[in-house]
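Next, two complexes with chain A in common: one pairs it with chain B, the other with chain C.
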Partner chain A sequence: MTKKYVMLADTVRCINCKACVVACRAEWETPMGYTRDWVKEVEWVQNDQPKVMLFPGRCQHCDDAPCIEACPSGAAYKRADGLVLQDNCICSGCELCVPACPYEARWLNPVTNTISKCTFCQPRIDKGLEPACVQTCVGRALIFGDMNDQESEVSKLLKEKEWVRLTTDEVNIGPNHYYYTAGEALPDEVMPKLHDRHLSGKTMEIVNPIGAIAIGGMLLTFLGAGVMKLIGRRNEVSTSENQEEK
Partner chain B sequence: MSDTNTSQMIHVREKKSIYMHWFNAGIRLLLLLTGFGIISGELVRVVPAFWPTFMQGLFGGNENLILIHSILAMIWIGVFVLFIILNFTNIVWPFLKKVLVLTPSSAIRDLKSMSINLLQLFGLMKNVPIAPQGRYNGAQRLLGTMLIFCSIVLAFTGLYLFFGPQFLNFSENPLYGAIFRWFLVAHVSCVFLVITGVIAHIYFAIIEEPECLEAMKSGNISVDFIKHHNVLWYDELKQEGKV
Partner chain C sequence: MSTQTHFDPSRRAFLGATAGGTALTIAGLPSQALARINAPHDPEKLKETTEVFGFCDMCYWRCGLKIRSRDGKAVKIDGNPEHPNNWGVVCGKGNAGLMVAYAPNRLKHPMKRVGKRGEGKWKQISWDEALDTTAKELLKVKKKYGPQALALIGHGSWEKPYHRLAHAFGTPNTTSPVFGLCCGPRGLSNMMIMGRNLTGNETLDLENCKYFLMMGRNITESLHNGETLGWVNGVANGAKVVYFDPRYSITASKADEYYAIRPLTDHAFLLAMINVVINEELYDKQFIAEYVVGFDELKQRVQKYTPEWAEPITEVPAKDIRRLAKEMAAKAPSVFVYSPRRLTRSSNDFGTGMSITILNTLFGVWGRKGGVFTPQKYKVPEIDLPEFEHATALRNDSGGDFNYEQPEIPLAHIQDESGKYHRADGAGVMGRWPIANAQYGLTNEMWRAMAEQKPYPIRALITAGGNGFLNSTNYDIIRKALETVDFYVAGDVIPNEMNMYADILLPEASYLERYDDLQVGGAREGYVAVRMPAMKPLHDTRDAWTICKQLADRMELGAYFPHDSIKELLDDRLKKAGSSLAEIEKVGILKIPADPAKNFPLDHGGKLKIKTPGGSTKAELIPGMLKQMGYDKALDYVEQVRPNEDEFHMTFGRIGFHTHARTQDNVWTADLMRENVLWIHPEPATKRGIKEGDLVKVTDRKGRDGEIKAKVTARIRKDTIFMVHGFGHWDKRMTTAYGQGVADSDLASYAVDPHVGSMSMGLSLVKVEKV
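For the complex of A and B:
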């Protein structure tokens, strides 16, 4: 059976130590000020008591990833096992994919001049290792694995607890990152949001259908003209044959 | 006029112009096939998704396909630049003078004759006369102007799309990325324009006026054809004593 990799984040177990962030930055040598994963801290007051929730975040490796649709060169692509990856050899760094991601998981790397994002540590998992953030997580708040394998830890945990995904009515693109909040409602701060696309990207969304219609229209027009020409020619021939017969 | 032998063939196109035309046609076809193979996302989707998959598989990945597309484009640009430099006064400039539509009045005049021409294909406006045409008729002039404009845009934007990410640090200045994205829009738009124009061009060459296709192979065309379709040009040739 094809693998389907998912990440589980138990927000109750996360202590915001940021070991995951450090491990990721070390693994991928991200430039100063940039990181592929993060921990979002949400604070509020409930019944005069301060409360905090911690949300480890990264690319959600969505089933219908809008970044892939937005990428003109195919640098952003999805592997059969669900990983959304980025091919640095093709990526031009045009950033059309950046506002397409509602989880803000993509950024332009100033060193490589290409787009960086979490890959679930694809080279590590291809070697049978865990992603760096999962291996380093001291509280076992992050769990990674194949949800199609019924014996895997993620499969068992998904059955045991009530996990939620960061989706809204507006943004529901099949993220493969699950969160356990012990029944607490998901705060608005961590929910995905649609971002304003680049004007050039929006223009392209108009140019593309117009171009397709124009090409289709031209083909139909001249196909029609060809048919008319054929009919005209046939009529001419039959008229001349009739005249000859007379 | 009656003393002119109109059934004769006349040589109207030099061999190097003919070679250049077919080189241009061939390389543009290859650029189109490889270009549609590069575009992978849904942002630009004219050909079905199997095409980029097939092309990228054929060339061992999109990186190779982009390189092939770019090399072809640079050969196209290089040959054109060389041709223009070597033949500017005898071929290029006279061609540009005849084909370019640069004023609103000439654009309106050419649009009118092109519209009548197109409608007549469908049996409409049969009795409406088309104004006498020169060496290039209204549709050819409009198409030629569009193709020249689009080719320049395609060449410049294409060079930036290929070399920009290699030599400019997009994170240093957001303008570099913005230029890239707008050049991509311009590049794709021009491809669409060229395809729509070339569909008409191919139809007329093969179905309506095969004499023109023949002229683009041998360089010769019948005087009868010129007299019928390009009256002003016929008068010019007559004045020059060529017919």
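For the complex of A and C:
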């Protein structure tokens, strides 16, 4: 059966130690100031009592991922097992996918000039390892696995507890990241938000045709440079691959 | 390694299906480019690595590690799943350990001071010159003043060879901050009453505990992986958490009940709990009858400490105190009153610590499931060495463990009958700090001894790691001590304010680049673990053992370092334990399996073995040894300082991704938090016109001050401010940490616990104003 990978975050077990953040940084050598995952500490006052909730987050690997739609080069793609991945060799670094993501999971890596994001540690899981953030998680708050496998820990946990996803009426795109909050309502700070600069298919329909043409023109201009860059990079990669084979 | 490429049909489908949106992209592309785009995707690769074992040096819990290396460089730190200190998990600090090795500001070469002390002017020298000079200067001091004129302060998982060197030199004056500046009063409390230590690596059956009464034990932020994971599991298993802290920490957010107790008054609350437990007969009667003495006397002494007495002092309602006592009793013995990790706060920490031990003992938690387990020890004998001058200076340690296995008999005078000097800090010395641990000493009092040259001259100082300024509180004393000694040599990996004063700087290899002596620990399993180098030293650095051996050889003390290399030492020790270095290097850790009959004797028809320092085979609720000295008065509550209307209690503590004062210059942990902020409640903030992010000035009663940004939050009492510990560095070599935030240590109080000699850092009262 096809796999369907999901990440569970038990916010009750999360302690905001940032182990996930630093482990990810070390595993994927992300540049300073940028991380593929995060922990949001949300605090507020309720009935005169302070409250704190912790939300570990990363790319939600949505079923209906707007980043893929926004990517003009085909670098953003979805694997059959649900992973939303990024092909660095053809990513032009145009950044159109960045505002497309309502979870702010994508960013331009200034070192490689391509888009970086969480891959659920695809290279690790393909080797049978856990994602780096899951392996290191001190409170065992992060649990990863195949929800189509009835024997998997995630399948069992999904049945055991009430899990929620970060969706709103406006943004409901099938995220594959689940959260357990012990019944606490999700704070607004962690909810997905449509970005003003996001040019989704839907936006295209709404704006008038002239607008659409204008946007199309803008895209073309944007891509002129990008396309040349990606061809170059592709050639580079095949050269280096050939060398490796020798 | 073959490149793994995944051909993914869904991607081709994407190109067709979403053509509407991306037609623009395809149009006009040359066919060569199209072919390139249509090639299989080329996602990220996992690069090949080799793996060695180690244990962590980022805090003092020392988790087991597996370190991945590539091309001779460490690239990722993972947890060792077999290690009982962490079961495979590693926190943010542990993961950031790589940046200790790769720190741009590391001490990279031996150096000698060329400017004034503390001025920060250095000249690079050879190892030979550094070691020759050090040996010469130490011998000069020894000749002129005697061996006791040397003090050693160590703080790290690699300090052990330095202690051995100092002991071989003949001084009793070796110390680590763990006692006087951190855990002393709580360790001593458990020792005096139960004959057990219960600090270092706590021996608590957290997973099975049903009720945690946590006295400011901020276990999620002052975190130790295995302990924190055990606690999280316990909570997930349904344990109730009642948390006391003037600040709503992350641990508070996990608690079922939270009390913003008035600062410094935990002792009053605990005495009232004892009162209720005794008067309402909520204690474990069988346990008390079999294992405890002093119950009736204790009953008399706590009669005055009613919940109604405690309520106005602590602001914890009397009815809640009664209820909590009953709730706990109902779950006993699977309950635990959790001491804060650092118990150097109030003016009577010893009384607070003893009250905690007494409550736990009344609930009969010792040797019981869900309570305190009895650890097992992996027996790894020490190597054979010549006798040391001062037996009291010896400590049975395993790379830095806090361990009271051999409680000292209080000593009489500064010199004993044969003319040997006792400790200058007074630890274990009658008439000074007789009950303070003489193996770890009182680091705070050692600094004072150096600064004042009393009770006898201390003319040379070795430091092995640590930061006397930021981990202590009395900067004038520290500075004076550092300026007074004839010679100061510092071994460390990173620069800091203290080693800035050194005459000679000995750069240590980081814990990823070296072997160290074995980690011998006691959990449910007994274990011994190894630290292996994950890479060659990046700079001209050496490991502590090699440095100390080379110094010993230069001072005719080579007999104390009889091996040719540390690997030989490890192999020698392991062979005595029936293994070898080659064997342990394959697995990282050797273990004796957990044994419920030994860990929880009382649940398996066994008996608890007790031996207190006073020689009792039963737990002494009021230790006889203390009564002889009149120190049992520590049980009684002492009024604590109160802020005036315009003042605040000054509190400080930990955050999960920084350790003490040693990670602020680590670029990865600094990326998570570069400066500390001052937590202040919205009400006093508004009164002072302070808004979130405003710069404020905080001033204590002694006139010490600092400027820091405000975090306006309801997560703190109105009469209290808080800041994360360890910031406010002023050593310019620490280019990341320099000038970031305020040093809480320069605002904390430096009073001394009257019985233990440890510091009382929480007595400081401060004013806050907008800048």
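Heads up, the rule we're going with is that the second predicted complex is superposed on the first by the 197 of 246 C-alpha atoms of A that agree within 3 Å, B and C clash if a C-alpha of one lies under 4 Å from a C-alpha of the other, contacts with A are read in each partner's own complex, and residues count from 1 in each chain.
As a convention for this text, a contact is a pair of C-beta atoms (placed from the backbone, for glycine too) under 8 Å apart; a residue touches a chain by one contact, two chains touch by 3 or more.
Quick caveat, the model's predicted, so the values are computed rather than measured.
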{"item": "Partner chain in contact with A:N109 - chain B first, chain C second, else both or neither", "value": "first"}
{"item": "First (chain B), second (chain C), both or neither touched by A:G74", "value": "both"}
{"item": "Comparing the two partners chain B and chain C, which touches a greater set of residues in chain A", "value": "C"}
{"item": "First (chain B), second (chain C), both or neither touched by A:R13", "value": "second"}
{"item": "Which superposed partner A:G33 touches (first chain B, second chain C, both, neither)", "value": "second"}
{"item": "First, second, both or neither for A:C89, with chain B first and chain C second", "value": "both"}
{"item": "Which of chain B and chain C A:P123 touches, first, second, both or neither", "value": "second"}
{"item": "Chain A positions touched by chain B in one structure and by chain C in the second", "value": "68-74, 77, 87, 89-90, 201, 204, 219"}
{"item": "Footprint of chain C on chain A - complex, ascending", "value": "12-13, 15-19, 21-23, 25-28, 32-33, 41, 43, 45, 49-54, 68-74, 77-80, 85-90, 119, 122-124, 126-127, 132, 135-141, 201, 204, 216, 219-220, 223, 227, 230-231, 234-235, 237, 241, 244"}
{"item": "Of all residues in chain A, those that touch chain B in their complex", "value": "68-77, 87, 89-90, 92-96, 108-110, 113, 198, 200-201, 203-205, 207-208, 210-212, 214-215, 218-219, 221-222, 224-226, 228-229, 232"}
{"item": "Sites on chain C touched by chain A in the complex", "value": "3-4, 6, 8-11, 14-15, 18, 20-22, 24-25, 29-30, 32-33, 36-37, 39, 41-46, 75-79, 88-92, 94-96, 98, 220-221, 223, 225, 228-229, 232-233, 235-236, 248, 250, 252-254, 258, 656-657, 667-669, 671-672, 713-715"}
{"item": "List of chain B residues in touch with chain A within their complex", "value": "38-46, 52, 56, 62-63, 66, 118, 121-123, 161, 164-165, 169-172, 177-178, 180-182, 184-185, 188-189, 191-192, 195-196, 199-200, 203, 207-208"}
